[in-house]
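Here chain A shows up in two complexes: once beside chain B, once beside chain C.
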Partner chain A sequence: MSGVSLMKEIVEKLVKIVGAEFVSDQPEERYIYSMDPGTMPPREPDIVVIPGTSEEVRQIMILANRDEIPVVPLGAGLVLSGLSRALKGGIILDMKRMNRILEVNETSRYAVVEAGTSQGMLQAYLKKHHPNLKHSAPDAPPVATIAGNVSIHGSGHLSHAAGFHSDMLNGLEVVLPTGEVARIGSCATSPYWFSRAPLPDLAGLFLGWAGTTGVITKLAIKLYPNYKYNDVGIFVTEEAQLIPDILHRMTGTQVAEDMTTWMTPKPDWARGFLHCDINFGANTKDELIWKRNLIRASVQEYIDQKVAGFMPLPPAMKQPFLEVPARTLSRFADVRRGGGFEYVGAIMPVDLFPEAYKVGLEIADSLNVNYSLGSRIIGVNHCMMFFYAYAFNRADPADVERAQKALEETNRIVVDMGGIPWKAEAPAQKEIIRKMDPNMFDLMNRIRAVLDPKGIMNPGNWEED
Partner chain B sequence: MYELNYDLQICEQCETCDCLVNCQYLDFDLKSAKIEKQNILMGRDSKVLDECVTCYACEEYCPNDNHPFYLIVERQEEKGILPAPAPITKQQIIMMQPRGTITPAQVRPPVINMCYFPMLTGCIRGKLYEGASYIVGSDIFCNVMWLHFAKNSIIRERLPRMIDNIWSHYLRDSGVNELVCFHDECFGTFTQLATAFGIDVPFKSIHLFEYLSKKLDALQDQIQPVNAKVAYQRPCSNRLVPETQHWVDNIFQRIGIERVEREYDRENALCCGQVFRAHQRDELADDVQRRNLDDMQQAGANYCVFNCPACFFTLAEAVSERGIFPILMSDLCQLAFEKGT
Partner chain C sequence: MQYEEILHRCFRCGYCKLPGNYIDFNCPAYLAFCFETYSPGGRMWLLRAWLDKKIETTDRFQEILFSCVNCGNCVEQCTFPKFKDQLLLAFMAGKEELVNAGKVPPAVRDCLTNYQHHGNPYGFARKKRHGWAEDLEVDRFSEHEYLFFPGDVGSYDSRGQEICRSVARLLKANGISFGIFGADEVSDGNEVNAMGETELFRYLAEENIKTFNASQVKKIITLSPHAYNAIKNDYLQFGGQYQVFHYAQILAPIIKQQTYKSDVPPMRVTYHDSCYLGRHNGEYWSARTILSSLPGIQFVEMDRNMQNALCCGGGGGNFFTDILGRGANNPARARIREAAETAAEVLAVACPLCAVVLEDAVKAERLDERIEVKEISEIANEILDKAN
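Up next, the complex of A and B:
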């Protein structure tokens, strides 16, 4: 059977599974699904399919596995590093129809959602039905999916308090490349999705793999108290070498929810200054002030030395810094117009902050690109996601190329520095593999061979040259 | 250039040392006040230089108009004593710098100076401001705020340029020689601070309250009494021009307002607290705000009236939480004409 007739047959079978309105092999859909807003070149899929249930996903995987058709799971398509492009053609599995919020357990503070549920949907649902609870939302557009962000080890507004979003995962339902549906975590043996412990933790088989091991169809994530009173402090210094210790001291108080840093040349008053935003909440005003005082006391030495201090912001001016998600990055994303935006998010120890900052400035300067640098602290200063964001005009090929060079250069330097590019593009994955313990990479390949014997899951990712 | 007009002998001969003895934030008896004052005069280290909260009040307390506060700020800067951390001070200086975007424009009287607060230009409306022009922006910012940051040098550098901008871009060629200052900051700067530093001001400044009082007189038959009990939040910059204080009562009387009797009013007014936060003294700010708001509430105020935008933005939320309505003086006067419309 020729490739064309095989695809026609696959389309017909997919129509039988999900219905005609949810399958397309038309050029316009293939074009739209060929790219994300980042710099990676487009790659067209052969077919786009939008399943509505886990059962439909199961049938799709059986079909794809039988005929060795590549399958690329897709959330909102906002990963920016091209991970959901069909590098070797095949099927894009758009999960957005599977967006039901299945359960919220108020007492044990978790939510079970389908994989296409967006950050905004869950945020709005909790606000309406469970106003005392919130989830850790990333600073992404609200259409970004919960599952997508968890599966790439994302981070968000509760990451100082609770770690990576993958750390906040209680359990998964996944469809394996061979079509079996597996539950992982407490939900495998209990009606409750309360934890991944005490069972063998298989969730890691689907976290950080760039969709090369299976399709997540449901997941449970931890929820947290939604405080009545919230505040933010912005600690400012000009000395990058102080930042690791400042963060170490502030995180040591363990009273904040989120800590981020930001460095940008615009507006003028921000250039050359390093800002640490510390977000914290409380049930009462007294508790809020107590927390503020603890945070302040932790860095009083630097305040007394006059080398750093909190920006004096009246209450109304704090509002943009209390927004979840923050809109500032979205604004920066369009600074060049044309809708192009990508960043290298590098996971690294906080010790590397001064070096990471210096590198960002040097790259932006040498390539004359607009930059926005910053970081989000993960856990109690356990590590950080340091980001190098470059905005570009998608309609200007030279601008795209400049940003791409900046990203490649940043990835290379980050790896050399001892950091690891986060949600790495396919070329950056190869950089990581070059540095990786070969036995770990061998283990990855052996695991994949077991889970995905025909290599149909998002091929082209986590592969050597 | 722009030397502070200050007479050392007056201070040396001063028997009362009101500037320090009356301070609400530092505790001095006459003896210790004289010692500290002498230290300041002689350019020696002083607790005052380290602990001054920069409330401006000693400018009002001094019976000799000898500018004790400006001297404190002068000494702080000479000695490199920064009330706020260096990066905060530096960042504020950049944030508030003139953008150099001013262009000449014709204005007609009355010309209202809105300083650096474009978000308040909506206040210029209705009968009270009929036919008025307003000017606003970074290039006409009065720059008095640097007194809080031990930066008289920035005032010396920027203020003459701001005054010239107002004169040469707006007033001179429009044939206008009067400027109504919407804020105490600008009025205090042009009429008192500029004189103290020997900076020429080629136009006449009129305090907003004087302007409003006269307008209210002219519109007397259209006023509907507001019938409210208000607490007045006196701004630090009014300490430079206490002679304008009587206009507050004058306005209240004209629009049917009762100014509640309370502890922290008039000469005993408390700072809004925002400057203390810039100085990283949150606990002092909390305490001062709490006492101030308790006082307003206990006095039975249902409005808190502001003239300073910084005080307004700092305290508006907190007074609202106490069930007190925050309002600018200008908008309070508007109520006398907008009521029921």
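Up next, the complex of A and C:
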């Protein structure tokens, strides 16, 4: 059967599974789904499908597996590094209709959601129905999905307190490339989705793989207390080499929820300074003051030496720093009036902060790109996600290329430095593979061969040349 | 194309798909069709691709462009200041390009043809425009304080006519001096403008302005928020300058001051903001003032209200062209489900288009037993009859 008639037949079968209104092989959808807002070049899918249930996903996978059609799961497509482009054509599985919030367990603090549930929807749902609970939201725009974010080891507003978002995962329902539906975690043996322990932890088969091992259809994530009082402090220094110790001291108090740093040349007053935002909350005003004092005491030595200090912040100015997600991050895409930015998010030890910062400034300077640098602390200073964001004007190919070059250069240097690019673009994955213990890569391939014998899941990712 | 210089600036971050509280998708076209192509960001990038000749003028492309119902949610929510003010103008400019090229969906073509030949979207005779007022004693406008402008739906649609009569009755009962032009007026043209037929809009606006000016109209009360928007904001460019009011703005201060003789049974009511009163013109309070001033009303808000209200899908000409269809993801059906969740027995509206669209949705959702759509003057008349 020719490629064209095979695709026609697949479209007909998909229509039977999900209904005609949720299948498209039209040029408009193929165009829009060929790219994300980052710098990676477009790759057209043959078909876009929007399933509504796990059962529909299962039938789609059986069909795709039988005919060896690539399948690429898509959340909101906001990863920016092109991970949900159809590198080898095939089907894009747009998960947005699977957005039901299935359960919130108030006492054991978890929520079970379908994979297309967005960060914003869960946030709003909790605010309305469970105001004492919240989840750790990333600063990604609120349409980003919970599953897309957990599956790439995302991080967010509770990451200092509780780690990567994948650490907050309690369980999964996945449809395997061969069409079986598997439950992972406590939900595999119990009606409750309370944890991944004590069973063998198979969740790792679907975390960090860029959608190459299966389709997550449901997941449970941990929820946390939503404090009545919330505050932010901004600690500022001009000396990058002090940052690892400052963060070490402040995280040691274990009273904050989120700690991030940011360094930008704009606005002018911010240039040259390293800012550390400390977000914390409490049930009472007294508790809030107590926490503020603990954080301050941990870095009092630096304040006394006059090498660092807290920025005075009137209450009205605190609002943007307390906003979840922070809209200001998306606005970085407009600095060149060109609708684009992409970042390397490098997971690395906090010790590397001064070097990481220096490298960022050097790259931005040498390639003349608009930059924004910063980091988010994961755990109690256990590591950080250091970001190098570069803005570009998508109407100017030379500008896009400059940003691409800056990203490539950054990825390469990060790997050499001992960091690991997170949600890495397909070319950056190859950089990582080059450095990776060959036995780990071999094991990855063996696992993939078992789970996905026909290689249909998001092919082109986690592959050597 | 006008505004083409902003198309590439969209980041496709998707804030524009949501209301401010993020509770669900809030772009009616995206809600109805689900594909990214129908989202505000998708249509920005598609328009760019179309201008760059990467996409042809297919039927689907036309459908995508005309599925935008001009609700303004994207303008409200987009995260880029200033740029966002031009979003909807860019979408309208895209429609205008298609209109000028003669490549529009058949339903849009037929609707525009009706406007052109008959001065209304239905293709009904112009002389029937005052049919709604036949059994009422309403004067022709001469030296009245206000011109009352019923618009197309109030003039021709049977449900619209009921609402029109109810509003006129309340205005009269409260001593408001108004007259009408009946067959001498044509459509306000708001939907024509929204569909990108700017020349036809100019023609309709100029026809009305001639009529208004010949009788020295100074103040206008509109039935429809759509007409309110066009006459208040868009007629200015053609020399039509009037004090324009939506009827809720006239009635709110009057009803607020009224006293009532007897108690009336309680009625749990929620309110659906019309986009052309709310987001387009910042008028959120008049209807709420009326409702909260009436005895017996227990007012409850939906999750999406005021700036964040979900559009019923009746704008942008879709009321007449039905591009969004009637499926379960249709915004009016989603809106009715949301209204029913508040346990309100009445969904109040201040727009005849919203009333018709949402009443259909109640039937489609089989929620007739739980909730009823009522226009605010109907609620006021009903309660005032009981209370006085």
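Keep in mind that, in the parts below, the second predicted complex is superposed on the first by the 465 of 465 C-alpha atoms of A that agree within 3 Å, B and C clash if a C-alpha of one lies under 4 Å from a C-alpha of the other, contacts with A are read in each partner's own complex, and residues count from 1 in each chain.
Rule of thumb we're sticking to: a contact is a pair of C-beta atoms (placed from the backbone, for glycine too) under 8 Å apart; a residue touches a chain by one contact, two chains touch by 3 or more.
Quantities reported herein were computed from a predicted structural model and do not represent experimental measurements.
Are chain B and chain C a fit on chain A, or do they clash, once the structures share the same frame?
Pair status: fit.
On the superposed three-chain arrangement, identify whether chain B or chain C touches more chain A residues.
C
Please indicate which partner A:121 is in contact with in the superposed arrangement: first for chain B, second for chain C, both, or neither.
In the superposition, A:121 touches chain C alone.
Looking at the overlay, what does A:312 touch: chain B (first), chain C (second), both, or neither?
First partner only.
Who does A:420 touch here: chain B (first), chain C (second), both, or neither?
neither
Tell me the contact category for A:76 with respect to chain B and chain C: first, second, both or neither.
Once the two structures are laid over each other on A, A:76 reaches chain C alone.
Could you tell me the angle at the CA centre of chain A between the CA centres of chain B and chain C, given to the nearest 10 degrees?
Spelled out: centre of chain A as vertex, angle of 70 degrees.
According to the stated criteria, A:24 is in contact with first (chain B), second (chain C), both, or neither; which is it?
Touch partner of A:24: chain C, not chain B.
Of all C-alpha distances between chain B and chain C after superposition, which is the least, in Å?
In the combined three-chain model, chain B comes within 14 Å of chain C at the C-alpha level.
On chain A, what residues does chain B touch that chain C touches as well?
none
Could you list, by residue number, the parts of chain C that touch chain A in their complex?
8-15, 17-18, 21-24, 33-37, 42, 45-46, 49, 54-56, 58, 60-61, 64, 79-80, 83, 303, 327
Can you name the residues of chain B that touch chain A in the complex?
82, 84-88, 90-92, 94-95, 97, 274-275, 277-278, 280, 282-283, 286, 310, 313-314, 316-318
Please output the residues of chain A touching chain C within their complex, sorted ascending.
21-22, 24, 26-29, 31-33, 36-37, 48, 50, 76-78, 94, 96-97, 118-121, 123-125, 127-128, 141-143, 327, 330-331, 333-334, 337-341, 393-395
Along chain A, where are the residues that touch chain B in the complex?
236-238, 268-269, 273, 289, 292-293, 296, 303, 306-312, 314-317
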